[in-house]
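Both complexes below contain chain A, partnered by chain B and then by chain C.
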Partner chain A sequence: MSETKSEPLFSKKNKELITSPLNKTNPVTIQILGICSALAVTVQMDNALVMGFAVMAVTALGNVVISAMRNLIPSRIRIIVQLVVAAFLVICVDQILKAYVYDVSKQLSVFVGLIITNCILMGRFEAFALGNKPWPSFLDGIGNGLGYSMILVIVALFKEVIGSGTITLPGIGKLSIIPESVYQFGYENNGLMLLPPSSLVIVAMIIWFQRAKNPDLIEA
Partner chain B sequence: MGFDRESNIYTLTFATIMVVLVGGLLAYVSMSLGPAQSANISNEKMQNILQAIGISETKGIQREQAGKVFNDYIKRRITIDYQGNILSDKKSTDPISATDKLDAFNIDLRKEYSKFIKPIMNQHKGNPEATKEALSKSKDIHFPIFVCEFNGATYYVLAASGKGLWDDVWGYIGLNSDLVTISGAVFDHKGETPGLGSKIVEPWFQEEFIKKKISDGTKFVPIRVIKPGSHEPNEFEVDGISGATFTGVGVGEMLIRTIEVYYNFFKSHPEFSGTTTVVATATDSTDAASGATAAVASDTTSAK
Partner chain C sequence: MELFKLFIKSAFIENMIFTFFLGMCSYLAVSKTVKTAVGLGAAVIFVLVVTVPVNYLLETLVLKEGALSWMGEEYATIDLSFLSFILFIAVIASIVQLVEMSVEKFSPSLYGALGIFLPLIAVNCAILGAALFMQQKQFNNVGEATIYSLGSGLGWCIAIVLLAAIREKIKYSHISAPLRGVGIAFVLTSLMGLAFLGFLGFEL
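What follows is the complex of A and B.
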């Protein structure tokens, strides 16, 4: 796979692979992929962070593997190959979490396994890694993973602060955000924010905000 | 590329190599991380049991630590069946062997619940008497007891498992040596709603169980999880979690079903209680004397 001329590792084009999924091609808010887990693992900030990191790792590594094999994969079974790569990486992530960060793995429970079905993964494998070299594919995976994590963190921020009045960070634990005196005034945590539907509202608001800021994203 | 990527032979060969390779790699990952994972699981179980004792020394114990000090506190591990027959009785000096399925520590409560208890309960749905009858006949259901001796006091840690709203819930209940007053409780769950049902793992919920009673002195009284705020819980009730009614129902159900078995067992085996009716060991009687409240005293006398 010798290329004509070498491109700097972080050329403008490559940098864009990372920055663009954070905004104009965000997997969650623009491509509307990976919504299911964005709804489910955003009740606490630490879950959102670990989930975001896991998805980023799997997308980036998977992209590299698929991209490295792109000239070998028989096109008729390419989806199955992608699925096997995704499943393999996800099982590895799950096993590693279970062995080294047991508490987090318990909280994420089935959602780690469900990364396999996360549409972002297959979407990036199919749309990008199959047609690009490993390095840009890696950056694309990192970029999309970051874009996904960003939305998860924003949603988790609203959900946890309004729903429980706390922020839970990995390694630090629960931090109370809303002072006790506010509760004495009769303020109550909003239980609805802890349930999956509230994420839809928050994601919708992010989409609204993003499109208001970027008029070119608005479809006619 | 030398080969035709669209040919059947190539596709089949590719698929075969890929599957064998991935399978081998996964087996390797699983084998190499396996010991760390099972250590986590067993340490967590020890942590839960130690926390359920309800003494300050083991209250906030860390998972890694729990494995090291488990035998300092838990002196006996007993497994009984529904009728109260002792199936296994190990001392802390006996090592926990993974192959000894009857060792109280190796009783897999969740597995027994889903494999043996749930089918029976489904079969006799709506008929509590028949359910109880069928459960009592099953030879597959085991009830572990962990006897803790510490500072001259004896505590008994019992285990229970059942079903919450979405998935399994389980827990450990510590009893004082009067075998009636709860000294500590630990609950855990597999998939209860985060922020709602999952709150059963939080200290404020578990601490509600402390000092509650499983008997009014003459007969078994189940601990009930009531709707929070409906009324002030009495000594046999705890407040549930608002928004998590069914998790509370599940916790209540598993406690009713299992604690009664233990209650009957202790009743028919007076050597376990610190009452004066039996030749009590020195440690038992000191605890009964020091920790006895009026209610406890009345219970120990009436338990004769």
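What follows is the complex of A and C.
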């Protein structure tokens, strides 16, 4: 891309693209996008990590593709074009996951396919990639993917540690976090944390914490 | 009777929102007033009932392993299921477009009620989610797939209308400032989800 020569590859503005989705414009807690999968795949840490990585890859690559084609896409049919690009990338990711981490892909079940309709993806295509050059779009995709993964990892951490007392990492397997002696004192895993509603409460807590820290984000 | 069980199961026990979190984005964004919530809920039911049977036919006649055997012996071993994402989403997007155009032409009043929601629905996870669950559940015939789509659409509609009603009620409640808006909606959904967990014990 010859246009990007005018500014350095990691200029201040470009760094901002990666860091701001981690906090002030977080796709999950501030823009309320991509909630569906963020809540459903967080029972185990390895699912959350794989899902976060998959979304990051699709958002970044999809942003690059859309941004490269942005002057060719007629605006009337742009949604269909975006969906096709997203579906193509998701099929690739799905096949890769099936080939290398079959167990995780089995547990994620339909949620890999649902990356296509993940609002973060469409939101970034619409709001950023259609109006920006490929390199900033790539960084924007990475940033938003990271912001999404961050929330997934936090939710999964709480759910898995409190719910089953373990952390499952890809390639390593289950690690017990809570020592055996604590159980002998009568501590028990809280099975409620493994059920769907608890992830909503954890996200609500994250929102609460984040908005209490940044009062300008509070809704009127 | 089997169909009735399937209907109850898809509407309440496997509720789209409370057990799978599908379509949460529009669920949270459009649940500020009951009126718009009813509109979106109706549109979701409508689109689900139209798209899931079509996708079911696509799945059984084209995509599934061995589905192409009606074309002749040599096609019997072809497995096209890796194409299902792109075909399902293409079917959904084009049907939504078609439905939008025909509703606009034949029933302007319905278009006025559903109009702005229809384009949004193409990217609602609940629609693609229902198609993918339909693929996973391997129904026996189109009737089951239709009942399944009707049930899950109704479950989604009930959920969004309930949340909208509660949010209208608590508009003037005194809520801690950082939780206002989305935060409290998450907590409410979680409490409703706990209530819906009660259906899990149902033996059908």
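The rule is simple: the second predicted complex is superposed on the first by the 214 of 220 C-alpha atoms of A that agree within 3 Å, B and C clash if a C-alpha of one lies under 4 Å from a C-alpha of the other, contacts with A are read in each partner's own complex, and residues count from 1 in each chain.
Heads up, the rule we're going with is that a contact is a pair of C-beta atoms (placed from the backbone, for glycine too) under 8 Å apart; a residue touches a chain by one contact, two chains touch by 3 or more.
For clarity, every value in this text was computed on a predicted model and none was experimentally measured.
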| item | value |
| --- | --- |
| Contacts of A:133 with chain B and chain C, given as first, second, both or neither | neither |
| Touching partner for A:208 - first (chain B), second (chain C), both, neither | second |
| Touched partner set for A:15, first chain B, second chain C, both or neither | neither |
| Partner chain(s) touched by A:195 [first = chain B, second = chain C, both, neither] | both |
| Which superposed partner A:84 touches (first chain B, second chain C, both, neither) | both |
| First, second, both or neither for A:34, with chain B first and chain C second | second |
| Chain A: partner with more touched residues, chain B or chain C | C |
| Touched partner set for A:95, first chain B, second chain C, both or neither | both |
| Chain B versus chain C as contact partner of A:119, first or second or both or neither | second |
| Doubly contacted chain A residues - partners chain C and chain B | 80, 84, 88, 91, 95, 109-110, 195 |
| Chain B to chain A touching residues, read off their complex | 1, 5-6, 10-11, 14-15, 18-19, 22, 25-26, 29-30, 33, 36-37, 40, 44, 63, 190-191, 193-196, 242-243 |
| Parts of chain C lying in touch with chain A, wherever the complex brings them together | 18-25, 28-29, 82-86, 89-90, 93-94, 119, 122-125, 127-129, 132-133, 136, 176-184, 186-187, 189-191, 193-194, 197 |
| Residues of chain A that touch chain C when the two form their complex | 32-37, 39-40, 79-80, 83-84, 86-88, 90-91, 94-95, 109-110, 113-114, 116-119, 122, 195-198, 200-201, 203-204, 207-212, 215, 218-220 |
| Residues on chain A engaged by chain B in the complex (per definition of touch) | 43-44, 47, 71-77, 80-81, 84, 88, 91-92, 95-96, 98-100, 102, 107, 109-110, 163-164, 191, 194-195 |
